[in-house]
Amino acid sequence: WEGEFFTGIPKIKYEGRSSKNPLAFKWYNAEEEVLGKKMKDWFRFSVAFWHTFRGTGGDPFGAPTKHWPWEDGTNSLKMAKRRMRANFEFIDKLGVDFWCFHDRDIAPDGQTLEEANQNLDEVVALANELQTKSKKKVLWGTAQLFMHSRYMHGGATSSELEVYAYAAAQVKKAMEVTHYLGGENYVFWGGREGYQSLLNTDMERELNHLATFLQAAVRHKKKIGFNGTLLIEPKPQEPTKHQYDWDAATTANFLRKYGLTEEFKLNIECNHATLSGHSCHHELETARINGMLGNIDANTGDPQVGWDTDQFLIDIPEATMIMLTVIKNGGIAPGGFNFDAKLRRESTDVEDLFIAHIVGMDTMARGLKNAAKLIEDGSLAELVRKRYESFDTNLGAQIENGEADFELLEKKVKEMDEPNVASAKQELAELIFQSAL
Amino acid sequence: WEGEFFTGIPKIKYEGRSSKNPLAFKWYNAEEEVLGKKMKDWFRFSVAFWHTFRGTGGDPFGAPTKHWPWEDGTNSLKMAKRRMRANFEFIDKLGVDFWCFHDRDIAPDGQTLEEANQNLDEVVALANELQTKSKKKVLWGTAQLFMHSRYMHGGATSSELEVYAYAAAQVKKAMEVTHYLGGENYVFWGGREGYQSLLNTDMERELNHLATFLQAAVRHKKKIGFNGTLLIEPKPQEPTKHQYDWDAATTANFLRKYGLTEEFKLNIECNHATLSGHSCHHELETARINGMLGNIDANTGDPQVGWDTDQFLIDIPEATMIMLTVIKNGGIAPGGFNFDAKLRRESTDVEDLFIAHIVGMDTMARGLKNAAKLIEDGSLAELVRKRYESFDTNLGAQIENGEADFELLEKKVKEMDEPNVASAKQELAELIFQSAL
Amino acid sequence: WEGEFFTGIPKIKYEGRSSKNPLAFKWYNAEEEVLGKKMKDWFRFSVAFWHTFRGTGGDPFGAPTKHWPWEDGTNSLKMAKRRMRANFEFIDKLGVDFWCFHDRDIAPDGQTLEEANQNLDEVVALANELQTKSKKKVLWGTAQLFMHSRYMHGGATSSELEVYAYAAAQVKKAMEVTHYLGGENYVFWGGREGYQSLLNTDMERELNHLATFLQAAVRHKKKIGFNGTLLIEPKPQEPTKHQYDWDAATTANFLRKYGLTEEFKLNIECNHATLSGHSCHHELETARINGMLGNIDANTGDPQVGWDTDQFLIDIPEATMIMLTVIKNGGIAPGGFNFDAKLRRESTDVEDLFIAHIVGMDTMARGLKNAAKLIEDGSLAELVRKRYESFDTNLGAQIENGEADFELLEKKVKEMDEPNVASAKQELAELIFQSAL
Amino acid sequence: WEGEFFTGIPKIKYEGRSSKNPLAFKWYNAEEEVLGKKMKDWFRFSVAFWHTFRGTGGDPFGAPTKHWPWEDGTNSLKMAKRRMRANFEFIDKLGVDFWCFHDRDIAPDGQTLEEANQNLDEVVALANELQTKSKKKVLWGTAQLFMHSRYMHGGATSSELEVYAYAAAQVKKAMEVTHYLGGENYVFWGGREGYQSLLNTDMERELNHLATFLQAAVRHKKKIGFNGTLLIEPKPQEPTKHQYDWDAATTANFLRKYGLTEEFKLNIECNHATLSGHSCHHELETARINGMLGNIDANTGDPQVGWDTDQFLIDIPEATMIMLTVIKNGGIAPGGFNFDAKLRRESTDVEDLFIAHIVGMDTMARGLKNAAKLIEDGSLAELVRKRYESFDTNLGAQIENGEADFELLEKKVKEMDEPNVASAKQELAELIFQSAL
């Protein structure tokens, strides 16, 4: 395969709201400034290599449906390199600056670790070359510790020591190639770090192993001089019944228990958030106020189904709430918005790959603009501020500084009348929120 | 009302498995030893005053259905005392040693805090007297910070300072009366410590307030010489959309963040566990391995409905798993098993109160016996031990001591063949588990 | 209470999109025409008397929070009449043409049925008078067969014959007063027609009773000359574990089984839809293609909680999908959009009642405008049409007429090549949909 | 591969409750009579060829994990025949009389329909031979209309006419081979008969197509003289977001709408039941009282996860409730209990296949024995009978015959006092139920 992969697909341009062209942005305008920062810098959008180039449309009940013209049906090194070139053409035409990858997605596995590493090195060398030419960057890399059958009991939490060792060797290499490619972050997603049944599981021992594994990763990061952020991506279940990194708070608890809070941040995925029983906004806020918001996997699930659908987020109110948190966080860098999202199985045209990313990017752009409107308007923030203003007092300060004992507060109660409790004004808050949409 | 409340109901006796008498235990035999401890000491069963004596059968769509003969339709102090006497007759006839209460369940509220406290003191004095006579004890007390409309935005996390103060004063008193009654624990259940909408909520500030509140509670506990355990009861949602004490791990994260792990343990409720997306067993194990398992609210929910049904647990396999954790934990004291469970709204006979507790106690007794069988048999534990035996080696020890760097592990991988990964034997584990039922 | 209830609240006017006035419509413009019909005629908005005037803010964990100034703390006839006057002022100021009621919400119950009926007659006479003056109408009436403890096992499906009879007598009267008030529909909501446990339930007998009850209602409707539509409102669970009218398809099955399809349509509530595992749009489409779409209860739930929150719908994409179905249905008359929605428990200002309805009405208005845009644009409909165009052929017609046997189709397969299967273009459909928002 | 497949695995025997042998039945005793019928005749157990012989352990995040010694890595005809011989050895050693299959599981697909049919014929000829030798039978056959990418939009509900035709041709052949093998039933499972999004779907047209398809199947059944039952298997979602055969009631509604009730019964799967928000028992009872209970897919899901886990049912109370319905139904023949259940992905020993089925069969046997105990004891049925006895009266008969008009019932109410409403005795029912476990 020589030359262009996406023939007939132009560079995607911003054409403004009135455009009917499905292959154009109506809202996302990379260079446009919002609240003093360019759109592209707010988002730092990234394409997920696995979904876009390795997604086959297979599901538990069905065979692959995607037959991209550049695929030759093999998982050869040659094919891997061809795909990498397609990837760079794709992100270039889409106008995105970053990409993300698993080690085993971009290069074929090997009979031995050495062979796998060699394959990886070859593909990574090409990626490096293409990066240099295109000025594109790796947002993050990661190791795929869930697809190969050796990882069926997990990687760092496998009951088999040799698998733990293999996972370590694989992460070592994945960190090194991420570093080599100038990756700005490195992600741990514990695909099978969890259990199917407590009856045959020693959860405590497995969690201890997970901690020693991550501690070794931190040491290795320092040894190789990698300065990127280490990220953990929470997910509650699937493929295992219970995954140890259930949600933001569970993962924070783990990091605190094992003294790892300085070394890790969280990669929040919206679909994982809702599977854990939370809104995406809740998970982002939880990460933010724990000082751990590191990256966002911009996707969404289906509120009526119980598995990870990894759909492109098209919900504008949701996008607006996401951006409210990101703005409060002062941005998301060195993380970004990675499209951990895939075409529906039944979407089989090459152009669908572009359309899906375009609608995803436009949705986030609308979210940003709406959030900026809300922040500039100020009335939502003012509503919140006023709700708590009784604490902006001397006694409030005493309470907040931990100086108010129960005696003092009881005394206060005996002096005062029944408290006046103001309306929460939720419907008004919703009205204000909606006015920005 | 003089004399007996539950006329026609005898003291509930153990009659053994063949009994058809609904008012007898078939499995729970208080003095019988299992694994070296009497049944009653394994469980330390407690009756929840609120469900048993204040449950009306009302629900969001319906009026009360229970019309207990001793109720006179008022919430007077006289009625409160009568109910307390009924409570002691009930636990005595049921053969249970403990009871639990909220401040406002056992005594009428007042126009002022002083009046409420005075009411409480009168009822508590009677309870103390009845305790002395009957040798019954308080498993735990707690303050009801959710029923009164002043708490509509929460107690410790209310947006109103005066409500925070009121909550503090109320907890202060509730801790004091629990201490006076010799209570062995004190529970915090954050009925409305959470949010309905993030749009009008400052989650970070609210969580900070919750922490200062609990820190003040710890100081007060020490000041009054109360040595009981402080417990937090996780619940994910209801009445609020998101409650801050979502599940065991979330609560552990909160305690760690604010330096409170030494002072608090968890009160795990099975229905709350399943509402948070976990099995009850998972939550118990999570609490146990975080060193925080303090008490169990023995109830269950309905797997098909999304609210707290607080049913009596009748699932024998579930009870067996609960007891496996309790045995591993070396028992549950100074906590116990509190029946935070209520009659169905449509169960309106006085005898139903007994029948429900009897089936709940028999279920737990069967769970204990089954768990003991499994432990004595040993093959389930052996199956688990064997799964991890590759770590019972020198390299395993190095890993577990945090001494195995990625280089060492990579070297190991290069020397070894593809790992042998054994079957997880889940179905065998289930077969063994089931053989004990 | 003489004179105005909502002092300080003006008649709510349409001020257009740029208005910042929370007490004005930004989108809903009653007289504005959309697709050839006035907005008010598309919606036929109705206020639900129960939520707006009888909602107290009580929940299973808390006491009432609403203390409307016109309430005197009683459920007297005098108070009932005062509330009715408030209702008419409310709908007049809001600019809504319809209201809905339960018998027991608008008038106090009685010691006997006769007394209850007399109370009802008095209030209904006043309502009639107020209707005449204001030109407002009843969208539908219904009987409250779930609040009183006699209905704890259901009304038509109660295990007690006398309760069945009581329910019949109550529905008889409720139909008569709805007729008297010129109601355009009459609704059955089976609040407790369902079960808590199959162990003590004869589901078949209960369903038979429900059918004879509804058949008697049809006979009574004809006898009194009531020409309004009879509606059943599906709900999956709550307050019972399983409600017989689970969802649209389940209710349709019941109606078909008992020969009632000619006599009943469905009242689809969005929150009930999602509780049954469906999108609101799915339930509406299911009702529509079964020829049973009769009315819409415009509200929404919380995707993360498992009970009926009855929130005002503020989701614009959802409103757009609802209106796509309503337009396809040729409108919703003689049904309408009833706001079966309530203020959050913590919203306690009188103005919150208006704000909530305003945002609900504006949301629907945006939905209508968006849907009209999509229909006028035509590209979404065209995308769907094209997907099925292989059936717009001779063989397609044969298939659709039931004339294509398996032999014929097998023959066709043997002649043809492997079928060409087009992309489903879901992301493109979503992009088009979103472009209208 | 010549000779024995399961070397080292003996014929599984009944050894009674005290046996510790995992490869023996402790409860299932094929020839033992319960309530006048042999156990094997109550159950008519069937092995699902697909899970047991084609299950690979692959999941959306992982590669196959099963490496059965008899597999040569191909999907050749030779391999298909070898697997079929393994199947017969398996069911023989397990002591099961039936098996079930999809067309494409037992034989390789072809480049053309003719080739696929030829492959199928060859394997079916062998199966027939093996059946004759072993006296084993087909419980049901079915066509796999979901795996091949041509079915990505469904079979009978595909938007592509040629796919509809292909599905028809495939079902035609599958019905014919099922008939040839003496199958007692034929199943339709609408793997992809549903939608992913309503935005691009014409649900009404698709449902019409499904109906014409099933009508053609009925005609074909008659034409070929197949007298087996046609069964539809409800499932709510997965792989599509919404499957048209959502649950028993939805499917019944469809059958009634299109006049198909005489021709189809339902195949209820427990895991599908819980995914649709119902208990398994509910779905079975719904099918039974609609006169449609045809077969049971004996498996279970995980109450905490939202996808089809197809686990072997090990819950004894659940099995007891299932058998209560089956006994009420007078048995399940000509249907049976098909183990539509698979090993966990991590269970990779050949013996695990046996262990899983053994625990599944023992669970059902315990369920049967418990149900028989309950029926012989009679007190649960008596409790239910008594609840409704007010209808076993003259007026009750009038009501049940549809002769009681609202006037009559209102008159009755005016004569009577406030109804006496008895306790539902749910806890007593649960106590009785549990006493049989």
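In this document, chain identifiers A, B, C and D correspond to the written order of the chains, with residue numbering beginning at 1 in each.
One rule holds for everything that comes next: a residue touches a chain if its C-beta (ideal position, glycine included) is under 8 Å from a C-beta of that chain, and two chains touch if they have at least 3 such contacts.
What you see is a predicted model; the values in this text were computed from it and never measured.
Interface comparison, B-D versus C-D: the higher number of contacting C-beta pairs is recorded for C-D.
The distance from the centre of chain B to the centre of chain D, each centre being the mean of the chain's C-alpha atoms, comes to 39 Å. Centroids built from CA atoms put chain D at 36 Å from chain C. Among the residues of chain D, those touching two or more other chains are numbered 149, 152-153, 196-197, 237, 242, 277-279, 304, 344, 346, 348, 421-422, 424-426, 430, 433.
Judged by the touch criterion defined above, the protein chains are all mutually in contact, each touching every other.
Interface residues of chain B facing chain A in the complex, by the touch rule stated above, are 112-114, 149-150, 152-153, 158-166, 168-169, 171-173, 196-205, 207-209, 212, 215-217, 219-220, 236-237, 242, 246-247, 249-250, 252-254, 256-257, 276-279, 281-282, 285-286, 289-290, 321, 380, 383-384, 387-388, 390-391, 393, 395-396, 399-402, 404-407, 409-410, 412-414, 416, 418-422, 424-426, 429-430, 433. Residues 20, 22, 26, 274, 277-279, 303-304, 312, 314-317, 343-344, 346-349, 352, 355-356, 358-359, 362-363, 379, 421-428, 430-431, 433-435, 437 of chain A touch chain C in their complex.
Listed in rising order, the residues of chain C touching chain B in the complex are 57-65, 146-149, 151-153, 191-192, 196-197, 237-239, 241-242, 275, 302, 304-308, 344-346, 348.
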